[in-house]
Amino acid sequence: MLAPISFSMQSLNIETIAPILVTIAGGLFILIMDLFKKDLNKSLYVVISLLFLLMSFGFLIDLSVFFAANGTFTGFFNLVVVDGISLISQFIIVGASMLFVPLALSSKRFHEFSYPEFFALFLFMIAGFQIMVSTDNLILIFLGLESASLALYTLIALHNRSKSFEAAVKYFTMGALAAGLYVFGAMVLYAITGSVEIHQIASILVANHYINLAYVLIGIVFLFAALAFKVAIIPFHTWAPDVYEGASASMAGYMSIVPKIAGFVVMMRLFEFLVHSGLPWIEVILYASVVITMTASNIWALVQTDVKRMLAYSSISHAGFVLSAILIGTTQANTALFLYWILFTFTNLGAFSMLWISRQKNLDKWKSSDHPYEKFSGMIHTSPVAAVIMGIFMLSLAGVPPFALFWGKMYMISSAVTSGFTVLAVIMVLNSAIAAFYYLKLIVYMFMKEPVSNVHGRIYTMNTSKALSTVIGVAAIVTIFAIIVINPLLEIITSFVYNSGF
Amino acid sequence: MEFYLYVALFAPLVGSLFSALFTAKKANKITGYVASFLLFVSFVASGILLYDVWHGGSVHVHLMTWINTGGLYIPFGFIVDNISVTMMMVVTTVSMLVHIYSIGYMDHDEGFNRFFSYLSAFVFSMMILVMSDNFAGLFIGWEGVGLCSWLLIGFWYHKESASWAANEAFIMNRIADVGMLIGIFMIYYTTGSLQYDKVFAALPSASPYVVTLIGSLLFIGAMGKSAQFPLHTWLADAMEGPTPVSALIHAATMVTAGVFLIIRSHALYQMIPNVGEFIASLGAFVAIFAASMALVNRDIKRIVAYSTLSQLGYMFVAAGLGAYWIALFHLVAHAFFKSLLFLGAGNVMHAMDDELDPFKMGGLGKKMKWTLILMVIASMALAGLVPFAGFFSKDPIIEASFVSHHYIIYATIWITAGLTAFYSFRMIGLVFFGEERYKIFGFHPHEAYRFMLLAMAPLGILSIIIGFFRTPFYNFITNILPSTIYEVHPEALAWGMNIATQALVVLFIWYPWQKYAKFKGADKVFEQHFIYKLLFNQYYIPNFYNKCIVVPYTRVSNFFWMSIDLKIVDATVDLIANTLYKTGKKTRYVQDGNLSSMLKWMVFGLVFLLLMAVAYGLAFEYPSKIAEILLNLGVH
Amino acid sequence: MFEAIAFYIFSILTIIMFYITISTKQPLYALTSLGAGMILISGFFFMLGADFLGVVQIIVYTGAIMALYAFGMMFFNTTKEIQEPRHDSGAVVTLSTVAAILVIMIFVGPIIGDKMVSLYPPLQGATNTQSIGMVLFTKYLVPFELAAIMLLVAMVAGIVLAGKKMDRSLTLMTEEEIAMEQEAKNKVLV
Amino acid sequence: MQDYILSIVIFFPAVAAIFGFIINKNSMRAYGVAVGVIEFILSLDLWWIYNPNIAGFQLIEKIPVIASFGINYQVGMNGISLFIVIMASFFTMIGIASLTPTKNIKNMIITLLLLQMTMAGVFLALDAMLFYAFWEFSLVPMLYIIGAWGGPLRIYASVKFFLYTFTGSLIMLVGLLFMAYFYYQTTGVWSFSIPDWYNLVLPLNYQIWLFIAFFIGFAVKVPMFPFHTWLPYAHGQAPTIGSVILAAILLKMGTYAFILFSLPMFPDASKYFVYPIAILSLIMIIYTAMVAYAQKDLKQVVAYSSISHMGIIILGIFSLNIIGISGSVFLMIAHGIVSGALFLLVGVIYDRRHTKMMNEFGGLAHVMPRYATIFGIIMMASVGMPLTINFIGEFLSLLGFFKESHTLAIIAVFAIVVGAIYMLTSYKKVFFGNITNEANRHLPDINARELLALIPLVIIAIWLGVYPNPILRPITKSVTHIVEIMHDKEAQAGRLSLVSNPEKLALASQATREVR
Amino acid sequence: MSIGLGHYLILSIILFAIGLVGVMRRKNLLLLFFSTEILLNSVNIGFVAISHFHHDLTGQMFALFIIAVAASEVAVGLGLLIVWYKRQNNINLDQMNSMKG
């Protein structure tokens, strides 16, 4: 008979997953509530979700304080890691989710928000992403990834129109393939090193001087492909435009931020030792990925006719831009990644929210796509404030100072410059220039064209409500006055990233 | 004395500004009177200054700093010395008279006020030009007179030819100004200053090459302003302006600025006699060249203009040979008689309703006695008959060229003296004598206003008597100019030469008188002759300029714009943008919306990365084996 | 020797089964062969001493998943032969073959695993199932719980997606239609 | 208040613009004029406060913004920026005052005020990032002005303008970041402060690359020869006010930046590149002048003439001596005044006839004598008539460059010929001759509102031509300082280090707030 | 001859390749899902084999969780297919191309 295993509750460090537990609890709470009382208004669920997210946020702050004092710590048999990057990325995930949830309170009714399950799934999804970033165990990453993804597919489909089903099915199928690739990659690495924890894999590989390099690279390739799918790196990006188009604008905005940051954090953990391994192959592959992703998606974004689809391609481009941080791999670059992503969160979520509030249900003119450029023609005359705000988001995305994203871009380019990636820096700025064109296209439509006849300015804010306005207001204010928060952000992120050894 | 200097300088400006106030108003005689009066004031002030300078004084003032930066110091400084006061006298005298004359001449013109504004502005610029104590100030005046010349040539802007001529004059002067400006740069670069005194003190220590260069460059400037070949075409075309303008600007003052520049810089040119010789040679060439064109011209103003050109040639001969005082003296004398000639031509034009072709006139002498007399005086002065001004001013030039052993120059300008007489009296003959051909064309000529004639009278008197002031002038001016005396030895030869010249002149007065005073009809045979055509078409030089400079310039400009700027430079930029856009258009259907192909893309990406990984992994693992295989394949 | 024979037989069968799955035009064949392949895979598990996994494989895959698929097949009415265009199978086969060959080429070589330290060895004297239990409830506690959440998510998702509420779409209805519907509902209640 | 006067000058218009949103449409113009006047008075106040004894920057304000990355809000002025700022506010003022009634005048005025903020910001910023932020943001209002109120091709023109300049400046951004990195390498501290950067000596090869990076950004803005094609479109399509500000102020950003960055930071590279840049400038001067001659649209003529003049400015800057640079700075002001006036003048006939094609006109001097006179005066200033403002700038620039290279300067002097050619022919086409087009027969002459804008410009054009000292002296002072910095660095070229005699340069970064 | 880890891995790879081919070829979504199951199953073999030969339980753990994930995926995937089928009345992915470009 086996001896019973015993370990103290203390040793588990249960607080390490406290923020995650809270979100899961939130999801369960909503499900249970629904059991007792049906047909509750969505606003209630929004508030409950917000409250749980807020609690999660509070726990995160608590953990951060602890981290700032004591450095990285782990829980559950070293499975759950609380380090700087997991904390920052969880802040981003939870924060972006808090910005997203109020978008459910649109004045028009859409199908997904009529489900309490929507909010439950949403909270489970957040938990999944939180798990994903706070571990370096490939199994746990996989589980977090899958549970989040499964929830996400459902959330997309719940929008309940054929485009969203199509989007969900496409995303799902490709996600399944990516899952296969991921586990295969994990298998290869496991075969070589006998471990599925990244830091152990790293130390074993380094100890063996990367013997059997080809195996290692194969494993890396499979993992990279799976993660690249998640963050939409070309050629694994093909889901992104269709899914963004099929999903509701609010969901698309959310997708452009949260799943990607989770993916980036995993990539960061995985590639942290590889880019410092001195293997030129890694550098070349990442370099090529960065350049191709930025450039090709920019070029495709140029020719889009639908704003949301354009923003989808632009999100791919931004992801490519940020991937360069992984390539550079210095503390400054990793800091820049998070800084960029925080600023990107506000700007991009703002932009998608603007699309969301202009969502029409049944306008004959624009049946085929929700947000064609023509719809925004002459917006400055009919709905000036909305046009100005949208314009600011576009400028920020294009990287025009003093708006938020410029500072992220600047810091990212600086990190490239500092580490000797001069050509990369130049490519990055040239791509920013290309990107400016399509952002400008929307500005041109909004500010320089004549309004479409028979269109009332109301259509641009048809779907708005106080909650949505608040979200947009917050996003706009942060976008405009980002400069004030950059310094504290930068200091915190730098110290967090540096203290977790990235 | 400073006070008088400022009065002399600024009175014309005040007049100009005063008139300018009325430009938009109807013609008002007041402006003419005020401007003329202020010119008179300026004249008086100049006279006082002359008196002062005559008695050994000299005024040098420093009004204010103009430019002061990085070691460059240029003040608004004015100097009144023997040279400038001479010029001031000429300028103020002629201007004053022309102003008065213009009150009558521009009587019916609606731009009367504007005219006086421009004219006084011109005088002001000219005063700056002659009074400045540095090259920058000189250049201000230089450009200022150019501007006023542009305004006045194009005064009747509704005439296409007038505005064209104005632009031509301005642009051609500008071309010359390039040389001038570079010369000024060079001076500054060499001497570190632009003040005359400092420059001339410093130049001797500069290398001869540089000095030669500076001299040449300044002369290029002078060539433009004084319309020397090959920049001469503007002067004839400038006759599109009102006649008083021609009298003042294109005869008496502005065109002589080039000569003035040489005289002013005599210290410089004395150092470079070879440049001087070139100047003299060019002057001689222009003298005969212009005179030849005047021979056959059918436009009285143009005849006078060519004669001006020719006389400028004389002046340059003198200046080039170092006979600065003679050049200056001829300048003075020429100013008087040539402006008189122009004003006379103006009277004729006035009488003939702006008709200029002398072949349509004839016999005007009966109606315009006074004009005839004045014109004849002026022509005689021009021809150099004893005792008119020309004899005292022009003949010394001929002698000087002889004395300095430049015999070709001598021969050229000697012949030119004859030609001068010829065309002058051809014109007199055609205009004032013979049949009254104008009647065919229905003109009703009349004598000019009394006061206009009165305004001309002093010029007539001066044309007669100025020659007798040669010796005092010599004494006066050689205080600062080199006092070379060109006397032909032996004295008999001198006498002989004088007589020969006079004879030549008389001969060439008599011949056209014979031919044209009784003019019946044009000599058809002669008009078909090659030489006639050549001369009549001004040696085809304007045509040449048009075909070889204006047209190509336009074509090249168009080419630059249409072919280079739009089709290459701009198109390249657009090409980059279009390439990106088209690439996007062509490749966007990589995303064909089919799930199968999306999955294939993923697998393709994976396989590609695998290929890379395996290739690199193997290469990393078996470098020696791969090298061996490659070696077997013949790759080193 | 027995092991080798069993391995090769199982391998060949599995490969054939899965090949049928991906190539047949009869969905029913595909389903059957997939199920067969999965059972064969459990055979490998037993051969490798992973008894627990072998059982799980049979129960979950063949029991649950196959049943779900069979249900789906009936729902979608795909029992008859399906038509699939074959125009671009060349690229497909090339890509996969290249991928396989590449990886195999590498794996023919030795693996460093020989020198490797085992991090979680099976407990001495415990069965496979016991060992798995020991690891699962200590080290892999969090993944285990998370898997539960994941299954909950899947369940909720499946219920929601397949539920009746999805038959009408609020997204596509105008606000007026929604209001009318609401009214009608209220009337029924009253 | 005087301690923060620069910030007030920069941000007052922006604040006013935001308040502008609540102003009624009908009172907007009055509001705009009032704000413009106040801003102009504020900027004149700068001149009053300006201490002529300080060669470097003065009235420095420094507030940390991103302290950990060395980005500060740092502003200050010297004799160079002072006058450009005054000119900018001046043009904003008269631009608003002379605005013809157009649609959406409210948006226009708000945009103009924002533009004024960015212009003041660019010229007063002493932190490279702050500079860059204003530099980039200035594109946005201009984009809107051209794109919303421009001619038929306005969208193409505005987008081209934006993208072209944006691309150039992004490359400059890389240069800025490199510069900061080198500073960090040398001192261990991040800093984007320009006076700090002045203390940095760079090896030649670094200098060359950085110079190129900055050059691309500046050259597009100036615009220099192969990068100039956005300008004719922008000018051709922009509304009058847009062209005026674009030509008068925005183009000066590029040349100002050359003086602010390229010369003192990369003295050796500047020297190294003198000839290539001089040749480009020559092409700009001669070639664009010829292209201007070929134009049929009056506004395009002025646009190309701008490029031609900018060529002289660049040439003067790269004379690398005090005379030339002072002349260039002076010419920046001069060209601002003159080209601004020219565009206003073109706007006058455009308002009346809605066309700018020269063959539509002819004989305008008959019906619009006052207009013709003012145009004539400004044109003469443009062709560099002495005693007008342009002459001094051109004269000094060319004289300065003559010291550097005789041959090239000689070619450059031909600017005065080619300039005269296109200007005079255009003038002739529009004003001289008889009225051929009946539509022009009854054109009203220039009116009081237009005169209000133009007369000050004419007065300035002549006043500063006759008496340039009030602005030439401060300019010279500051230019001398910059040239000294260059010389100090030359002395120890080679290694990445700080300048060895910092006490002299310390003056530059010292916060000197001497109040008169 | 004994069967080593290599054999199992090669089998795993072959099955994975078959899965990939299926994923790319299948136009019927249901059958496409079958192929994804093959992918996961092939990996399972690998994990278990490695686990066996390395005497390490992690591989089996991984395989266990993969099975769990596979089960969840089927639930969600079928749910999605059902809604799609209800709306479009087919599950052929060639009909699924309303978004492209």
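As written, the chain order gives the labels A, B, C, D and E, with residue 1 at the start of each chain.
Basically, a residue touches a chain if its C-beta (ideal position, glycine included) is under 8 Å from a C-beta of that chain, and two chains touch if they have at least 3 such contacts.
This is a predicted model, so every value here is computed, not measured.
The chains that touch both chain B and chain C are A, E.
Taking the CA centroid of chain B as reference, the farthest chain centroid is that of C. Counting contacting C-beta pairs between every two chains, the top pair is C-E. With centres computed from CA atoms alone, D is the chain lying nearest the middle of all the protein shown.
Taking each chain's centre as the average of its CA atoms, chain C and chain E sit 6 Å apart. Centroids of chain A and chain D (each the mean of its C-alpha atoms) stand 43 Å apart.
Chain A and chain B have Cα centroids separated by 76 Å. Distance between chain centres (mean CA atoms), chain A to chain E: 26 Å.
Under the contact definition stated at the top, the residues of chain E that touch 2 or more other chains are 5, 9, 16, 19-20, 23-27, 33, 50, 54, 56, 58, 61, 65, 68-69, 72-73, 76, 79-81, 83, 93-94, 96, 98-101.
Counting only residues that touch two or more partner chains, chain B has 577, 588, 591, 593, 595, 599-600, 603-604, 606, 610, 614, 617. Among the residues of chain C, those touching two or more other chains are numbered 92, 95-96, 99, 102-103, 106-107, 111, 113, 116, 118-119, 139-140, 143, 147, 150, 153-154, 157, 159-161, 166.
You'll find the chains touch as A-B, A-C, A-D, A-E, B-C, B-D, B-E, C-E.
Against chain C, the residues of chain E that register as touching in their complex are 1-3, 5-11, 13-22, 24-28, 30-31, 33-35, 37-38, 41, 44-45, 48-58, 60-61, 63-65, 67-76, 78-83, 85-86, 91, 94. Here chain B touches chain E in the complex through residues 588-589, 591-596, 599-600, 603, going by the rule given at the top. Chain C meets chain E in the complex at residues 3-4, 7, 11, 14-15, 18-19, 21-23, 27, 30-31, 34, 37-38, 41, 44-45, 48-50, 52-53, 56-57, 60-61, 64-65, 68-69, 71-73, 75-76, 78, 82, 84-85, 89, 92-93, 95-97, 99-100, 103-104, 107-108, 111, 113, 116, 118-122, 128, 131-132, 135-136, 139-140, 143, 147, 150-151, 153-155, 157-162, 166-167.
Against chain A, in their complex, chain D makes its touches with residues 64-69, 104, 107, 129, 132-133, 136-137, 139-140, 143-144, 147-148, 154-155, 158-159, 162-163, 166-167, 170-171, 173-174, 177-178, 180-181, 184. Within the complex formed with chain A, the chain B residues making contact are 577, 580-581, 583-585, 587-588, 591, 593, 595, 597-599, 601-606, 609-610, 612-614, 616-618, 620-621.
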